[in-house]
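Below: one structure in structure tokens.
Every chain is named by a letter (A, B, C, D and E) in the order it is written, and numbering of its residues begins at 1.
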Amino acid sequence: MSATPLLELRGIDKSFGPVQVLRDVAFTAHPGEVTALVGDNGAGKSTLVKCISGIHPTDDGEFLFEGRPVSINSPRDAAALGIEVVYQDLALCDNLDIVQNMFLGREKRSGLVLDEPTMEQMAAETLAGLSVRTVKSLRQHVSSLSGGQRQTVAIAKAVLWNSKLVILDEPTAALGVAQTAQVLELVRRLADKGLAVVLISHNMNDVFAVSDRIAALYLGQMVAQVRTTDITHSQVVELITAGRSGNLGLVEAGAGSAGTATGSTDTTSGAVR
Amino acid sequence: MSATPLLELRGIDKSFGPVQVLRDVAFTAHPGEVTALVGDNGAGKSTLVKCISGIHPTDDGEFLFEGRPVSINSPRDAAALGIEVVYQDLALCDNLDIVQNMFLGREKRSGLVLDEPTMEQMAAETLAGLSVRTVKSLRQHVSSLSGGQRQTVAIAKAVLWNSKLVILDEPTAALGVAQTAQVLELVRRLADKGLAVVLISHNMNDVFAVSDRIAALYLGQMVAQVRTTDITHSQVVELITAGRSGNLGLVEAGAGSAGTATGSTDTTSGAVR
Amino acid sequence: ACGDDSGSNEAGSDAKKPKIGVILPDSKSSARWEGADRKFLEEAFKAADVDYDIQNAQGDKNAFQTIADQMITGGVTALMIVNLDDGTGKAVLDKAKSQGVGTIDYDRLTLGGSAQYYVSFDNEAVGKLQGEGLAKCLTDKGVQNPSIAYLNGSPTDNNATLFKNGYDSVLKPKFDAKEYTLVADDAVPAWDNAQAATIFEQQLTKTGGKIDGVLAANDGLGNAAISVLKKNKLNGKVPVTGQDATPQGLQNILAGDQCMTVYKAIKEEAKAASELAIAVAKGEKKETGQTVRDPKGNRDVPSVLLTPKAIYKENVSEVIADGFVTKDEVCTGAYAKLCADAGIS
Amino acid sequence: MTTTAVKKEGPAPVAPAPTVGNHIRDYVSRVRGGDIGALPAVLGLVVLCTVFAVMRPSFLTAGNFANLFTQGAAVTLIAMGLVFVLLLGEIDLSAGFASGVCAAILANVATVLGYPWYVAVLAAIATGVVIGTTLGVLVAKIGIPSFVVTLAGFLAFQGIVLMLMDDGANISIRDQTLVAIANRNLPPVLGWSLAAAAVAGYAAVQLLRYRNRAARGLLTDPITVVAARIGALALILGVAVYILNLERSRNVLFTSLKGVPIVVPIIAILLVLWTFVLQRTSYGRHVYAVGGNSEAARRAGINVDRIRISVFVICSSMAAVGGIVAASRANSVDPNTGGSNVLLYAVGAAVIGGTSLFGGKGRVLDAVLGGAVVAVIDNGMGLMGYSSGVKYVVTGVVLLLAASVDALSRRRSAAAGTR
Amino acid sequence: MTTTAVKKEGPAPVAPAPTVGNHIRDYVSRVRGGDIGALPAVLGLVVLCTVFAVMRPSFLTAGNFANLFTQGAAVTLIAMGLVFVLLLGEIDLSAGFASGVCAAILANVATVLGYPWYVAVLAAIATGVVIGTTLGVLVAKIGIPSFVVTLAGFLAFQGIVLMLMDDGANISIRDQTLVAIANRNLPPVLGWSLAAAAVAGYAAVQLLRYRNRAARGLLTDPITVVAARIGALALILGVAVYILNLERSRNVLFTSLKGVPIVVPIIAILLVLWTFVLQRTSYGRHVYAVGGNSEAARRAGINVDRIRISVFVICSSMAAVGGIVAASRANSVDPNTGGSNVLLYAVGAAVIGGTSLFGGKGRVLDAVLGGAVVAVIDNGMGLMGYSSGVKYVVTGVVLLLAASVDALSRRRSAAAGTR
């Protein structure tokens, strides 16, 4: 594990109109590790992801990537840094087929012309590795896919590229038993290859099975970021639902934004201002 | 438990263009029971649900409702029979707010005029019972909701009405820990009130926790419909992934459509032609 | 680009049975095309027992050419056109000529074109009558140093330019001599009456209501101006011109709201044109006795020219007597009495 | 597994308490956040009026103010109907000529056949209903795209107008009631009474709503805000009626010319009616739902085809009303009635007002505001005295400017992610 | 928990083996399932042509066949450009008058200033590029709805044409090369050679693709199907060139008139070019992506603004080409060039061909097929000799019939859930 985190966020604020969704959020992701981001429905997990990937501009806060401050204003900036995201609202083009969606924005070409055979082959290989057995044809429009098939396509799209940070927002929500196992294995494999992986999930078993660290959001505040080995299942659930658990989490429930304490043994996490 | 099933399907076939998605499917749902419908990604679960609710016309097959043959050609027919559905692709109107979505198609009125206060009150009560704590306002457009919040709205919409059959297609996929528990409890409560409930889920724990019966789809064929008490966890997983398990499921893997056997002790299920 | 005029007729005619194609320009700038020309031409052709095909291009140049193509393909031996503009007119005439089809310019001369004959009213003369009419009405009313507003025809219609040249030739000297003042000068897109009303209303607003005479290019525009004047209770006090002698225009004249209109004896024009067309279609030659100079094509075109006539309250009866409009059309309801007063029986 | 989770009844969704301060703060951040309703169109209007008033002082006269209403009335009425069609993401290219057909029917019934005015009006509106039903059935039941159906209508209705006009001749409207619609004014007293009635009605509705919600313990706007709204309406109506009741005759000797033009209450009543239908009835709710997500609407049991047909009926009927007003204003009907730019202006009015062409977003008020923008541009340009080429160009540029003000003030909406 | 699941490498997605029988069966069930591509438009065309041919035998002459191409050329070219804009779900109301402005520039440069034809053509197209860039920037960067921007363009360009035409006069095109574009024909031999080259090129592309995919073990269409496609193209082109090379002069003494009209290869080349761009380049892929789901495209790192601007540039440039052809056909440019129904017909052509107004769905070929429908209707109606009122009505009805054939044959698409 390297000392500098691959991605570090400090003091992120984000409001939609009158509603403040993220308050002074700090977050780190380390290469070679799986960081699980947990939180209740509406805690702000997806919003945080969209801020990282440049979909939403932040109101305030700093981004450090590989230790250097960066500004990410659009998904293109994020992609240029090597950040790949599987969004919860999958964001596929319904009018394109599976292969076209998987290579969207980064088509393989020979000269000016699209190199369809290469793309089709690569897509077939990646999907085969994700236990997809019921897709009839790679040339099917994604609008005709089942929920799980769509999700698999989105995951396959994100892992096709040589990236440094992969963020997966509830990637297994619609997946079957076998497919979920494959994806979790893939997540571990990516981390073992040295990538930083951020996994959002509501399934505590999955979280404990693959993550190295757990970051918990509660009503838009980061209440803890700790090593998975230092926390128990029920403590995490308490953090999610109440914002605190023992000496972890908000100092007092309902306290102001500065009142968070990350009771972590980890030196790089919990960069609370 | 009553002897006649509330809903009985026989020999349902459904193709999309050249692709046959459902083959000779038989299915029953009993009042007062939770029937879990399981199957791999792309097995045809959502398609079956959409056939029941009149979204997709079937190519062949019979529908019996309370023992009488019926034909369901549109969602309005289904609603008229007392069938409520939570779809996997939630089908909310993004340009309407939470209350408006929940009462869509069955608005409360006083005279000609919409009775907004009543609707708002009823919506607030229903949502409160589903552990939704982060929704800022009931007058928020659903486009601005988080994934879990959207799903909760869809569930709340379906349980608002006095229906006879409630079908939930992966209702807890995007839900947090507490919310999932609430929904499962609600499912049980509905069944105990005498409704027939059909629950689609990939989570075997949830299935075994609440269901009375399990129906397994494999590549568009119904391979088993048995009492939950008569089957084990790993048998179900085998049925899902391989289509057979011991004496349950397809007689030979890959055999024709008629070759299914439902090794159930239950007399009313497994109505194979 | 091949064959000379005289040769083309004979060569074309012995191969084919005579058939006449007529292309009218549109149906909206004026009621005459569909209401009068088509009727009179059809009557004449039927009487002479020749095949004919009368089409309307609806103001669309592309349609105009398409129709011409169709007619040539369909075997007409004489083509009579009212061009929409010189360019398409010339293209059609040249194409017809190159295939040995006889050609006539009807109502509008195609400058630089190759028509064998030209039958028309003089559009500038129409404008002149309007200018003179307005001056007469103003004098009758005894208005001193009147302020004049123009409601010109469509800016994209070349005829509107010709009308304007006509009334300008009468009124411009008066403006220059400071006898009259031109306070507003607007073109009405597509001769659209609804827009004309707004345009005139704004002219009135702009000048603070100081408009003493309106030169409207046709009866429709005139009626639009009158409707605004009525709203301000100024109708009858401000003379308005027109053109086409439509029933509506004549009624406005009888009621005293409009000062004059220009009557073009379309029946005469259609009669002259159909006679020529029948001759050309049969490959005969005709003497017209008159020519018109085409400055662009640098040639004298054999022509039949008819003279337009100014209509005031006194001579409305002439139009009816001519059968151009019927008494029933004009003298309905409240106008019956006015008709009687004006001596129309 | 998940059953180990903590169970807790969450509190019902909450929102800040309803005080005036909160309300204003809320409004400001809503505007900042891009949820600005009619503000952009109003802003565009204000900019336009200022520019014209500076360049041509005659723009600001009472007479011109009154003219504005009659000049813009027909387009605004057609645009109001188009809002319904646009709300479904459909288009009606034929609305312009449909108004022409209805006007032609009106003229034929009233002038040629000599029936009384109400028969003619009914005949015109009935024609609109028939047209709308036909278009709607073709779109909803046969499934031809509305662009193609109404393009066919655009062509066919042009022909029908021509045929009804006896191949191009104009028909005069002589019935004094019909002529009055767009050309006469209400007596000043009646203007004041109507305005007072409108304010009183609005106040009653608002206060009843307040009481009703407060009694049930639901969130309400603070009473001061409610009062402020009522006050604002009273002020606007009062000023408008005052100005319109000024003498605007060129020459008081000939005639006195004052009062609210008759079309104004007609537009106002239709605005209230259609706003009520869209906002307060389940029919209106269903229109929005089908426009936002027709599949979701279908799944909710809404009869989508019927909604689709109904909006075309409303659109064509409003086109009929627009046609009647246009005929009244011109004192005649001609083959161009409803032609030339009427349709594009009407759609433009709705879109400028903030209605989306993709469906699901728009209000009838949008059409009125957008119609006002179009009318002001037309009116102002008419005072400038440009030659026709220049006039077209300047009109285009001014339209663009008005729309830019709108677009830029809506900008934050996108930035805030609430698109 | 879920880790107890069985792990199994699933086989890669499979499909039935590529035999001819399978292919045909597949095609039939694709058609049944509603995925029918160009079939409805072709069907509509066949019905139309049959009706006209029965009613007016002169419809079927070689001369009329040749006329069809030059008559429909300008609208088709503008429609081809509009497809790009429509693919993004935008609209360009100004395309018609943009073509007018470009034609006016052409006429001014060629006739008034007297430059050679290629300078004039370049100037016209450059004008189109400038117009497109302006429209695109206003839509993409300022965020004004394209309907409003191009409505402003519709007005402004009308004025610009008027100003370029010196307020109403028209300008003749005298340059023989320019006049030839829409009025002259290719020598018969050249027609045959071009057709042969086209077939050879198509065959080469198809066979190479076949080899390429087969070599990698990917699914291919059976070789017989590939051969059949090449054969079909050869047949269609052969018959068309044969008919167009027939003598169609009314009188061979005056002049000989045969050969493929010059516009035909121009349209063909542009069709191939734009089809290539849309189907085979990543730019084209991005256009579809932005039209299908612009948010997904943005998330995939596509520069959505640039795509948006580019389609307006393409649209206006194609409008320029259309304007040049129109000017050539009319031998002149006047203030109405690009006006009247040009725009509606062009959008209608694209929509009839199957392009969606909501974006994401459409092909350049659609515009050509739709353009053919519009041209056939216009051409056929021209042979009927109706009076103008009746003609409008019949045209509308015929358009509706053609579209119904289309809608009904697409019907199953909705039933099969593959809308």
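By definition in this document, a contact is a pair of C-beta atoms (placed from the backbone, for glycine too) under 8 Å apart; a residue touches a chain by one contact, two chains touch by 3 or more.
Computed from a prediction, not measured in an experiment: that's the story for all the values here.
The chains that touch both subunit B and subunit E are A, D. Put simply, the chain farthest from subunit B by mean CA position is C. Greatest Cα centroid separation from subunit A: this falls to C. The mean-CA centres of subunit C and subunit E are about 39 angstrom from one another, to the nearest whole unit.
Distance between subunit A and subunit E, defined via averaged C-alpha coordinates, is recorded as 44 Å. Subunit D and subunit E have Cα centroids lying 36 Å from one another. For subunit A, the set of residues touching two or more other chains reads 16, 55, 132-133, 135-136, 144, 177-178, 180, 203-205, 237, 241.
Within subunit C, residues 27, 34, 38, 155 each touch two or more of the remaining chains. Residues of subunit D found to touch two or more other chains are 1-2, 5-6, 8, 162, 167, 387-389, 418.
The residues of subunit E lying in touch with subunit C in their complex are 58, 61, 63-64, 67, 70-71, 74-75, 162, 167-173, 183, 249-251, 253-255, 257, 326, 329-337, 339-342, 378-379, 382-383, 385, 387-389, 391-392.
Residues 1-3, 5-15, 212-213, 216, 218-219, 280-282, 285-286, 288-289, 291-293, 295-303, 360-361, 418 of subunit D touch subunit B in their complex. Within the complex, the subunit C residues that touch subunit D are 27-28, 30-35, 38, 155, 184-187, 189-195, 197-199, 201-206, 208-209, 219-220, 223-224, 226-227, 230-234, 237, 246-248, 251, 332-334.
Interface residues of subunit B facing subunit D in the complex, by the touch rule stated above, are 53, 55, 74-76, 79, 85, 87, 91-96, 100, 104-107, 109, 112-114, 117, 120-121, 124-125, 127-129, 131-133, 135-138, 141, 143-144, 172, 177-178, 180-182, 184-185, 203, 205-206, 209. By the touch criterion given at the top, residues 16, 19, 39-43, 45-47, 88-89, 132-136, 144-149, 152, 170, 173-180, 202, 204, 219, 237, 240-241 of subunit A touch subunit B in their complex.
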